[in-house]
Structures are given as C-alpha cells and as structure tokens.
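The next block holds one structure in the form of structure tokens; read it before the comments.
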Amino acid sequence: MIGNLMIDSKYIEKSWPETIQLWHGHPTLAAKNIMTPDQCNSESLVFVSTQAQLELALTKNPAFVISHQSLNLPKTSVTIFKTSNIPLAMSLIFPFFDQKMIRFSQEQNVHPSACVHPSAILASDVTIGPFASIGAQVTIGANTIIGASCVIENEVCIGDNSLIHPQVFIGARSMIGHHCEIHPHTVIGSDGFGYVKDKNKKNLKIPQLGRVIIGDSVEIGANVAIDRATLTETVIKSGTKIDNLCHIAHNCIIDEDGLIAAGFLVAGSTQIGKRFMTGGNSVVTDHVAISDDVTLAGRSTVTNDIKLPGAYGGYPLLPIREHLKVLASYVHISEIRKKVALILKKLNLTNGE
Amino acid sequence: MIGNLMIDSKYIEKSWPETIQLWHGHPTLAAKNIMTPDQCNSESLVFVSTQAQLELALTKNPAFVISHQSLNLPKTSVTIFKTSNIPLAMSLIFPFFDQKMIRFSQEQNVHPSACVHPSAILASDVTIGPFASIGAQVTIGANTIIGASCVIENEVCIGDNSLIHPQVFIGARSMIGHHCEIHPHTVIGSDGFGYVKDKNKKNLKIPQLGRVIIGDSVEIGANVAIDRATLTETVIKSGTKIDNLCHIAHNCIIDEDGLIAAGFLVAGSTQIGKRFMTGGNSVVTDHVAISDDVTLAGRSTVTNDIKLPGAYGGYPLLPIREHLKVLASYVHISEIRKKVALILKKLNLTNGE
Amino acid sequence: MIGNLMIDSKYIEKSWPETIQLWHGHPTLAAKNIMTPDQCNSESLVFVSTQAQLELALTKNPAFVISHQSLNLPKTSVTIFKTSNIPLAMSLIFPFFDQKMIRFSQEQNVHPSACVHPSAILASDVTIGPFASIGAQVTIGANTIIGASCVIENEVCIGDNSLIHPQVFIGARSMIGHHCEIHPHTVIGSDGFGYVKDKNKKNLKIPQLGRVIIGDSVEIGANVAIDRATLTETVIKSGTKIDNLCHIAHNCIIDEDGLIAAGFLVAGSTQIGKRFMTGGNSVVTDHVAISDDVTLAGRSTVTNDIKLPGAYGGYPLLPIREHLKVLASYVHISEIRKKVALILKKLNLTNGE
C-alpha cells in the first residue's frame, strides 16, 4: 500500500478527551490500519459496538480497540479505549488513514498535461491532475486538488482545501467554497430545464444565464447534476452533504447542513431549509418551500410547502406517524374492498347506490 | 465578466412586434445584463410578471422593463415594454446574453491537445476542445462545438450548430442532428441491457449491434444515458427536450417535441408519441406504446399502452382526475379500515366471513 | 462500416447443434449483417419469432433466417435454421457482428497521449485509449481495453479480457475481474455516504477507507455509482449485470448472477443473494438481507429482510400476487370510501364513532 499510515495510542489519548478515553493498556502502541473485528490483525485499530464484536476482536490480539463505553470491558493485554459515540470517534480517527490525497500519484503540482488558461490564478499548493482543463479567469484556493480530466470553465472560483475528484464538470462562473469535496462525474452548472411552447407547440429554450453557488464544507457524490439558475443563483449552502445520482434544478436553494441520500430529485425554484434530511429517492416538486429541520422518509414525494419542522413520508406527504399508519392499512385494501361488498349485500344496498 | 453582452431597446421594438411592444419610454437605451427585480441595476433589463415585481423594479431605475401587459403600467422615466407572454419574451431575448459559446476559452478552433482521427471530417468553424477524442470517419457539421474531454467514437455523424458540452460520450455510429445541445456526462450509445439465461441460470449477453439517432433541436441534460438498439435504432426525434439523469433503453422511439423532466426511465422497445410531457421521475415499462399528446404527472408509472391523448398519473396509471381522487382518498385508508371493522361488528359479521 | 463482419451458415450448423439446427437450404452461404425482418437485405441474417416476421423476411430474400422451431417453416430458396430459444441463439451469433473492440481506432496499444504511471503493470495486448490516466501500481490483465479519458487510480487491479469503456472512473484499490464490461461515466469507488452529527448538528464525515471488489463477467451500465466500503469491501459478485443509473452504497454485497434494471438504488450494508432480479427503479434500504432467488417488480421498495425466494412487489413489499391484488383494489379506494360513508349513514353510525 502506498503511503505510511499510522496512529499511536498516546496521540488518541491526548487529542479528544471528551470523546475517547483510555480504559486500560499501553498508551504507546501504534496501529497501522483500521479493520473490522473479523478481519483485524496485530497492527489494527478496531472499533467495536457490541460485546460479540469486542470478544471477537480480542481473539485477534489487535494493536488497540476503541469500544463503546457501555460494553463490559476486560483488562487484558490489549489496549482498550472507550467512547460514548462510536461514529464520532470514527470521524476523528479515520482521517489519519485516509489516502485520498494520494489516490493518484503525480510528481508536479500541476501535471504537465493539464491545460490551464494563462489567466487562471492558482494559490499555493494547488494540485491539477492530468488532462484537466482550467478556463480563463478561474481562481483556485490553497491546497485544493483538481483531479484528472476535470473541466473547470471560465470564471469559476474554488476555495481552499477542496477536493474535486477526477472527471468533475464545473460550469462557467460557478463558485465552490472551502473544504468541499465533489465526486467523479458530477456536473455543477448544467443548464436549467426551461422552455416555453410556441404557437406550434414547439419547445423554445429559455437560455439559462445564472450560476451555481456552493458554500463551505459541502460534499457532493458521484453523478450528481446541479443546474445553473435562469438568472440568479442555484445555491447549496455550507455543510450540506448530497449523495450520488441526485438532481438539483435551477434556482433551488438548499440551506445549511442538509443530508440528502441518493436519488433525490428537486424541481426548479424550490427552497429547502436548514438541516434537511431525506432517505433515498425522494422527490420535491417545483416552487415549494420546506421549513428548517424537516426529515423525509425514503421515496417521499413533496408537492406542497412544508411549514412545520418534523418527520414526514409518503405520497401524498403525511406526518411520519400517519404515513406509517396509512402504509399499514394499505396492504389490506383488497380485503377491505371485499368486506364492503359483503356489507352492502347484507344490507341489500345494490353496490352502494 | 468575459464577453460584451448588450441589447438595445430599439432592436427589441423592431424584432418581435407580435410578442413585445414598446409601452412608454426611450427606445434607444441599451441593457448590459438581465436581472431579477430585486437584484437589478441601472444597466439591467428586467422581466416582471406581477405588480409587486414591477414596483420593486422601478425603484431600481433599470435600463428597461419588459412587463406582462396585464399589469397597471405607469409612464415614468423607465422605458417599459409589454408582452402577453413573459416566457416567450425571455426565450427571444435571453440568447443575447448567453455566454455559452465562450464558456471555455481557446484560441484555435481545434485545440492542439485534441486527438482527431485523420479520417474525421470537420466542417467550417467546428470547435474541438482540449483532450477531446474524435474517432475514425466521424463527420461534424458547421459551427458545431465539441467540448473538452468529449469522446466521439468511430462513424458518428453530428449536424450543424450543435453544442456538445464537455465530457459527453457519443458511441460509435450514433447520429446527432442540427441545433442539438447535450450536457456533460451524458452517454449516447451505451449498450442496451439485453441478456438471456443459460440452462445454469447464468446471464449471457446479447451484444447490442444497433445505434442511436437523435433529430434536430434536441436538448439532452446532464448524466443521461441513451442505449443503442439491439439491431436497429433507438430514436429521439426532433424538438424533444430531456432533463438530467434520464434513462432511455434500447430500441425506444420518442417522437417529436417531447418535454421530459429529470429522473425519467423508460425500458426497452417502448414507443412514445409526439408532444409527450412528464413530471419528474416517471417510469415507463418495456414494449408499450404511448399515443401523441400524453402528459404524465410526476412519479407516474406506465405499464400498459396509452391509447388516448390526455393527462394521466399514478400507479396503476389513471386519468389525472381519477388519480387525484384516488390520492385524496388514499390518505384516509386507515380510518376507512377502522370504520369497516366497526360496521362488521355492529352487523355481527365476524371479520367479514 | 469499419471492419469485416461475416458468418457462414456452415459454421452455424456445426457450432451449436444443441441450440441451432439447419432446417432447409444451402449451408455454405455467408451473411454480412444481422437485420430485422423489415429492414433485411440479401446479405442479412434474420431472426424471426412469429409467422408474420418469417413471411416478411422471406419476401426480402435474405442470406438466411434463424426461426423459432414452432413456426410453420417452408422449404424455399432461403436457407432456414431453427431454434427452440431465439434469445439464446442471438447471444451466440451476435458476437460475430460486434464491432465494440474497434469503436475507437488507434494504431498503438497504448495511445501516446495516455498518462501511465511507470509502476503500472500492463499485461500483453492491453489497449489504453487517448487521455487515459493510469495510476501507480495499477495492474491490468491481458487483452483488457481501457477507453479514452478513463481515470484508473493507484493500486487498481483489473483482470483479463475486460472492456472499460471511455470516461469510466475506477477509484484507488478497486479490483475488477476478468471478462467485465463497464460503460461510460460509471464511477467505481466513490466515497460511501457516511456522516455523524456533532453536538451542533453539523455533519462530520466518516472517511471511507475501504474499496470495491467486482467479480468476473460483471457488466455495469452507464452513469452508475458504486461506493467504496467504510473499512472493508463493497462487493459485486461474478455474473451480475447492472443497468444504467444505479447506485450501490458502501458495504453492500450483491451475490452472483444478478440482473438489475436501471435506476436501482440500494443503501448501505445491505446483502443481496444470488440470481437477484429487479425491474426498473426499485429501492432497497440499508442493512437488510435478501435471500437467493428473489425477483422484484419494477418500483418495488424493500425495507425489511426478504427471507424466502420468490417474486415480490410494491411498497410495503408484498408477495407478487398480493401486490397485484392490492394494486387492483387501490384504484377503487375513492368509491370504497364513499360506500363506507353510505353504509354508516344507513346504519345511523355518525361517521364511524
């Protein structure tokens, strides 16, 4: 494996005392990989959430274990840390083993095959991969990486410490913030879908003159399409995370800290509040407004404003508890229909007339 | 901003008298941008559809306003045009501000980094972007633009005045018409999904030997996949517009002037008539025929032929009015179930037996 | 057309006697194309499944016909073969007319514009297209083709005889088997969608340190995204075929010989058994297990384990026969509701109270 990955237990002990505490052991060991309880070895750091995982891990004699604090923790030769929040502990420690920055090796910061317009301004330590095209008057912030075969059109502005994976498209005049990550084959700034019928029912295009603005710490998955606004801006605000194969139409505004699972589709000019969460393949229609702190079940369909925070699901959209009740009754619809026919017969009501 | 964009009011007055008429003002002014009423400045052209927008715009003293004719129009120092159709007026004027053709700057028509097969035939004023690959016996019509990192395989034929955005894939022997526009990461001519089970239930591939034919004035969004036919042709006819993240399977024929919103999926060998319209994420099964002038609500599911023009929705698909009635009753299913149980009890019918 | 395609009837007669038998004619002829009955000519091989197709084909005097054996076959001047399985016969004969390997012409095995890391190991007869980026310590097996503008990150391993179409992304440390085919704009090894909320409800990323493993004879369509595992492996086992625009989340395991239609989405850590089949746009939630030999109707939604083989459909998911019954009754929900109201009135039950 390329790269020299390692974390020592002393560092862990000192770094996040609120989240991870040493329970027992030798705080000078170092781990060279992170592995699951069944695949770990003597150089592994292992996270365990259940007693069975803990016991399995201990049989492998790993470098050390980070255990949920609720488990029954033994004092053995294996060094054990405890935490009240395993995913949070993972988010703190996994970065030490993330080879993302060296997934594609190159010797120069700007690969000699890249096509960088002379008017583009690259801050210090920008990496540009092979066959990337960087347009006129583009600016790219410090430490940002542009992957192989990316196309960055004219006047795009990208902040510091962002990672644009290979083959991403960023259309003219888009703005991308700091600490963003965009995965391959995502399109930022394709045209919005705007047409008007002429008198012969032919579709005339309304050119899309606006742009896309993406805040800080936004992550966007693979094969996502975010359309430029008609005149103004399609906006994804800071902290929002978007999974693979999503579609954000022109003029939409998605506020901060959203968490949007794969296959989400939102039509034009819709506004979505802060901390929006949705399961997979939800759809939101155009020109609606969704309040802050709304959570949708997977496959929800939103066709009206959502004015109150809360959890919702289904189509038509209902508060989540009603949605679940409706789903539970829905599967009985065939027998309900039969029963109603029976009752009508018993009552001598001819088919409900 | 790159490029010198401008339109003067005299030009507007003369060009589309059926659609846009001068109401009051100085028809010699020029606008340098198009903006929304809240963001406009003294160099802006502003479109307004409501009285509130008009009043807001006038406070900014824009270069001129194009207003819906139904509004109460004042005679002020601001030049005002009126129209009976705002989107149509937009489709006429926005092109003057569309910088699409210069979204990526390059000095030569064919970028020196492009890989163009010597047998390819490029008409006059074809632009080929950096790192584009153009195969053998490809022909590309006058004024057509092929963006950076596009891959155009052997024997593809593309018409005049088409815009193939960066990173598009056009597979061997596809034909694309005139005045088409295809957005990044779209795939034209991937293999159809054709397999047969052998006696061991293994999937054997049926190679896909056909191609894709796309008419004139077709627009295709980002991350769309259109599969080549098994033997013949998958066809998208002239004037049809397809939004992002759609899938058109092998052997399908979509007739003229369709308007297909994002997330549409159609399975193999289906035929769709003229002026088809659908909301987002509709699905059409294989081997069905849809008549001309059919409109589908978003998330519709079509599993049978649609023989009559009209609007439809839901799954099972129903005429739109029935669909809306069913949706309205569906949310009451849980209480209906309870009522039926109550009635059965009152009538001493044991659970409907 | 580029390439010299041909098959002679003697070869057909000898090669697959279990599947294709000569019925009547001259087994020394050769066909130069495969066409449908309506488009065939004197050099065509034609497959026919119905009597009408057969009769139509015979009027065109094709080189020869492969007919389903159940048809009423004449003894004419046209050579006729018979088969009990037309799709199987197609899968055997179509490869002779598949020009896939020459869809993009290049003279050298490794195109001089490609960027291949010196530590990459290419077996004999590997083809690398223009502008492909091949990372450090990549290994590529014999006869495998890497298309134009592909990005293959460090330490990827690809087997023999695989076809990676242009513009595919294969992320660091992925493994791809032998005889695989991956279509354009597909992403293998994007990050899984893993976050944890901090105490301020901000989303913290859990870096995704695992990889993707793909078996032999797997085919993956266009614009698919398959995420790398959090720590271990996302796995697509041998023989599985995945259509366009699908999403496979981190840690999923899809067993052998699946057949997955377009728009399929599966959330994290789900396990799917052998010979899984689904219609278009089905969704499976995270952390469920699906047994071997499960078939889903299109647009199914799976939210729980499926423990028994069989066909299922709908949301909530039901055995297929129940699903179809429910669908049939669902469209009557509005009239059922009215009938229940009528009955309550007749029985003097105030609204079911």
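Residue numbering begins at 1 within each chain, and the chains themselves are lettered A, B and C in the order written.
We take it that contacts are C-beta pairs under 8 Å (C-beta built on N, C-alpha and C of every residue); 3 or more make two chains touch, one makes a residue touch a chain.
Not measured: the values here are computed from a predicted model.
**Q** Give me the rotation angle that lays the C-alpha atoms of chain A onto its copy chain B, rounded to the nearest 5 degrees.
**A** 120
**Q** For copies chain A and chain C, work out whether under half or over half of the interface numbers are shared, and give different or same accordingly.
**A** Different, since under half the interface numbering is common to both chains.
**Q** Just the number, please: Cα centre separation of chain A and chain C in whole Å.
**A** A distance of 26 Å separates the two centres.
**Q** Which parts of chain C, given as residue numbers and ranges, touch two or more other chains?
**A** Within chain C, residues 113, 131, 149, 167, 185, 223, 245, 263, 281, 328, 330, 333, 336, 340, 343, 347 contact more than one other chain.
**Q** Along chain B, where are the residues that touch chain C in the complex?
**A** 113, 115, 117, 131, 133, 135-137, 149, 151, 153-155, 167, 169, 171-173, 185-187, 190-191, 193-196, 198, 201-207, 209, 223-225, 227, 231-232, 245, 247, 249, 263, 265, 267, 281, 283, 285, 301, 303, 315-316, 318, 322, 325-326, 328-330, 332-333, 335-336, 338-340, 342-343, 346-347
**Q** Report the residues of chain B in contact with chain A in the complex, numbered from low to high.
**A** Residues 1-2, 34-36, 39, 85, 87-88, 90-91, 94-95, 97-100, 102-105, 111, 113, 129-131, 147-149, 165-167, 181, 183-185, 219, 221-223, 239-241, 243-245, 257, 259, 261-263, 275, 279-281, 298-299, 327-328, 330-331, 333-334, 336-337, 340, 343-344, 347, 349, 352.
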